[in-house]
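In what comes next, chain A is part of two complexes: it sits with chain B in the first one and with chain C in the second one.
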Partner chain A sequence: MIDLAANLLWMFLVVIGGVLISWSVHFVPVGGAPAAMAQATGIGTGTVQLAAGAGLTGLISAGYTMQVVDNLPLILASGTVGAMIMISVTMIVGTWVYVYGVGCVPSSAKVKVDPITHDRQDLYVSQGTEGHGLPTVSFVSGVIGGALGGFGGSLVYYALLKVGMGVAEVDANMIGLVAIFAVGIFFVNAVIPSYNIGGTIEGFHDPKWKKWPKAVISSFVATIFCALVAVIAISQLGGL
Partner chain B sequence: MSAGGDGGEAKGGLPPNTIIGIGAAGGLIGIYLAHFLPATFSFFGGLGAICAIVWGADAVRRVASYGLGTGVPSIGMISLGMGILTALFGLSVGGIAGPIVAFIAAAVIGAIIGVLANKVIGMGIPIMEQAMVEIAGAGTLAIIGLSTVIAGTFDYAVVLETVVSTGFIAMIFIIGGMGILHPFNANLGPDEKQDRTLILGVEKAALAMIIAGLASSINLGLGPAFVTILVGLTVWYISFNKFFGFVKRDAYAVVGTGLLPSEEELQ
Partner chain C sequence: MEPLISMGVLALMGVAATIAGASEDLESDVGSQSNPNSQVQLAPQMMFPHRIYNKAVSGEPPSNALMCAIGATGAVVLMGEFNLSPLFALVIGALIAACVHGTFAMTSTMGRAASQSRFKQPVYLDMIRSHTPVIMAYAFITTFCVLIISYMMNVVLGHPFPLPLLAFIWGITIGAIGSSTGDVHYGAEREFQQFEFGSGLNASNSGNIVRFGESGLRNGYDNSWFCAKFGGPVTGIAFGMTVFLGSWITTVFDPAVSITRGWLSAVAGVIIVFILIIWNRKIEVAARNNYGPYKEDKPEEEAAA
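And now, the complex of A and B:
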């Protein structure tokens, strides 16, 4: 039968990874549909798409490193940097579109001055909008979000693969199973915080950011159960 | 500024319990028929997936009508996220009862996330708990149904070999999710009608079935794949025509814009 006690450490790491993913979403400047029309600060798409885009890139780069080396810090670093690059590219291209395409100044409606550059924001917010584009503070916040998401995603992947390694040889079946479980856990933990922030957030300077404990607690509880089913299903590989 | 829904209860059409019955019973029957009958009949898994996806689309319709505060796609993604975990869990431990075990596991995880969403996050949607159970169950049955189309069985080892390690599971994730999230996302608004939304669900599910049929040709051979694609195309053709009919019924007017004007006509 399945030895859950032996996998307790890995389950714990999966839960930590899930919680980090949940927390990371609060840093990503998600603008949703209003931002797609340059009527709110942030990137013009939903939380899930952004978190998934960055986090899955982190998963891929972590998986790639894992082919070469079985060293946890290196794998986590690879996943973290992969997700940071992905979210940065998304944000810089988005900024080009807002500045040169739409023709608006990146500005935040939630704070009067940018906490990082100390530039005035409220003067540049167009009437009838909640800001537009990605001011410096949102960009920095997004990179932090990408880092946390990539770190969490690669932690989940690493821990689940370790569970599999405990019962069978690594093969394509195991990699596929572990990867899709990591994706499933990622999506669950990306959607829970997106309901917490109500679809849009500007970054860590947004008042909504302070609501993060609610999402983190929810993700913590939900991920325990996700980790349980994932560990049981992966452990069954040993009996095949 | 929140996207999706007008902040009230979804009205009209078939009662929820009828759809739940069609989705759960139809989904499970389709999956078991595809498992026990020879490979030629693997298309029953696709028909089961259609029932499950229509159920999921209806549950999304009911819960997203309250306004989720974010886009409708998020709920389709959490549905398939929960579904993929519980589907593979059920198949791995359940043996012949796999789909039923998966279904029960989905209901448990869905209930937990529904309670968390209402009690901890405070979304305040009265039907959130029930809807999450339904959405997780529908996502699970859709994934098992489409996997059974490709593998010809829901045996864990065969599904791992032909669906998971080949990467088709990622494709099922997205096309199944599309079937559940897209119908309401495309039809929402004050003039939303249940029959129009659900027939779009059938149409999306039929597309998923055709794609799963194509993928099944690697494992099951061209014959069963051809049957699945043919059944899928038939369902798609009928449902698309019906959907277009409903669009014309609900629209104030459907007018053709004609071709783009030529340069002389613009002068």
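And now, the complex of A and C:
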């Protein structure tokens, strides 16, 4: 017998985590294929890929911390910090490549001045491109995105592991099952915002960022179903 | 565990990660994968047939995650069922993954080249024969190093995730990093060297990739030779830094010792991130000053007139 009512709190946390992941993706400055050719501002990779790379690195940190302490704020903090480190290291090395390897100035084509540093942007955009590299505002936005993604991913993992703890002893099988569900829910919620972003977004100063409520509502609905399936599966298979 | 031993393990993981990052990027350069491959794919349609390997198995993160997960699953089976020593098991696991990757690479490049026959794109069988072993070799190095990192995290540092899952997640991460950093050097610089340095890629030049090498037609070897000078090593540094810094904060401030230590590790991580934000700003300012504005700033009324 699966007791869904007893797991309502954990399902709620899973949904909150999923919504946070969906929101986080809007902050990550990705330029897709055009950015890889220094043709658009942002990191030269896909939305889902970078958000997942950062968030799952956070999941590794959170998984380690959850093994040694049972303190929700600390577990969430370690997931957040792990994701922030991955994304900022990726962005700083990306900046090396754009500035030293490709020789272009980090600049945005969506705004005239950088909202954080108040530097002019339009004068530094090369002809025929929509900006290139990572200006400070995009970098900061990326760090925020990584942090939210890591936070959401860790919350999902924590909540699902608590569901598992209610069924059986925690062992390697249980942790594997829970982590796979956490990764799966992460991917579902990282894909939904891509329809808003459509390949490129520069960060929270980009006009596309304002579309986030649509993705967040869709993620809310999708994650409820994911949470249901996850709780049923973990309750049944947790004790393997 | 003794702090010194865990620091040693951490250093070894950092080294393995650096090698893995570099070989991951060069693997995607010699075979042309990920976002820059969109131009290789576009070129024949713009009447620029070429002799560059065209394998976009998938985005780099999923393809690397697949490789690493296959390798780790093979290694776990060999260690668990056949009691093989970990070193042999990891090598054989990585070998299986490299073979699977070679199969994918070959089928995707043949399919892509053949489907572009209407644009007079030839299928160079000799190029496929010579490049596929190189792609497999790089894939082997990447997978083996990621397996070493995952194995040490799992067995020595006591991470609770099973080995295949750790390898899967590190595979996603290494692919995301490789596709964000080193590939830009290949896509934005090496593919378009005929245009002025620092001009970015004008949208009207899309598909017009460099097709001639120092001698004869340019191929994947030439691209990996160039990217091995900058794109590959910086990708290695990026993945090495991610693995090292991510684990360093919890090794120095171990949450297992006390909760306060755990919070200190989070604070240390945030300080690292702030340093990186400031560093990015310094590079941005230096680039703005050195490369200068590309357009003149016209006063508002003049621009309106």
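In this section, the second predicted complex is superposed on the first by the 236 of 240 C-alpha atoms of A that agree within 3 Å, B and C clash if a C-alpha of one lies under 4 Å from a C-alpha of the other, contacts with A are read in each partner's own complex, and residues count from 1 in each chain.
Note that in this section contacts are C-beta pairs under 8 Å (C-beta built on N, C-alpha and C of every residue); 3 or more make two chains touch, one makes a residue touch a chain.
Here the structure is a predicted model, which means the values were calculated and not measured.
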Which of chain B and chain C A:217 touches, first, second, both or neither: first
First, second, both or neither for A:46, with chain B first and chain C second: both
Partner chain(s) touched by A:175 [first = chain B, second = chain C, both, neither]: both
Which of chain B and chain C A:33 touches, first, second, both or neither: both
Which superposed partner A:183 touches (first chain B, second chain C, both, neither): both
Comparison of chain B and chain C by chain A residues contacted: C
A:199 touches, of chain B and chain C: first, second, both or neither? first
Which superposed partner A:104 touches (first chain B, second chain C, both, neither): second
Contacts of A:93 with chain B and chain C, given as first, second, both or neither: second
Doubly contacted residues of chain A, that is, touched by chain B and again by chain C: 32-33, 39, 46, 49, 52, 172, 175-176, 180, 183
Residues of chain C defined as touching chain A within the complex: 34-36, 38-39, 59-62, 153, 157-162, 165-166, 168-170, 172-173, 175-177, 179-185, 187-189, 191-192, 197-206, 230-231, 234-235, 237-238, 241-242, 245-246, 249-250, 254-256, 259, 262-263, 265-266, 269-270, 272-273, 276-277, 279-281, 283-284, 286-288, 291, 293-297
Contact set on chain B toward chain A in their complex: 1-3, 68-71, 73-75, 77-78, 80-86, 88-89, 91-93, 105, 108-109, 112-113, 116-117, 120-123, 156-157, 160-161, 164-167, 169-170, 173
Chain A to chain C touching residues, read off their complex: 32-33, 35-39, 43-46, 49-50, 52-54, 56-57, 59-61, 63-69, 71, 74, 77-78, 80-82, 84-86, 88-106, 117, 119-120, 122-129, 132-136, 139-140, 143, 172, 175-176, 179-180, 183
Chain B-touching residues of chain A, taken from the complex the two chains share: 32-34, 39-40, 46-49, 52, 130, 171-173, 175-177, 180-181, 183-188, 190-192, 194-200, 214-215, 217-218, 221-222, 225-226, 229-230, 232-233, 236-237, 240
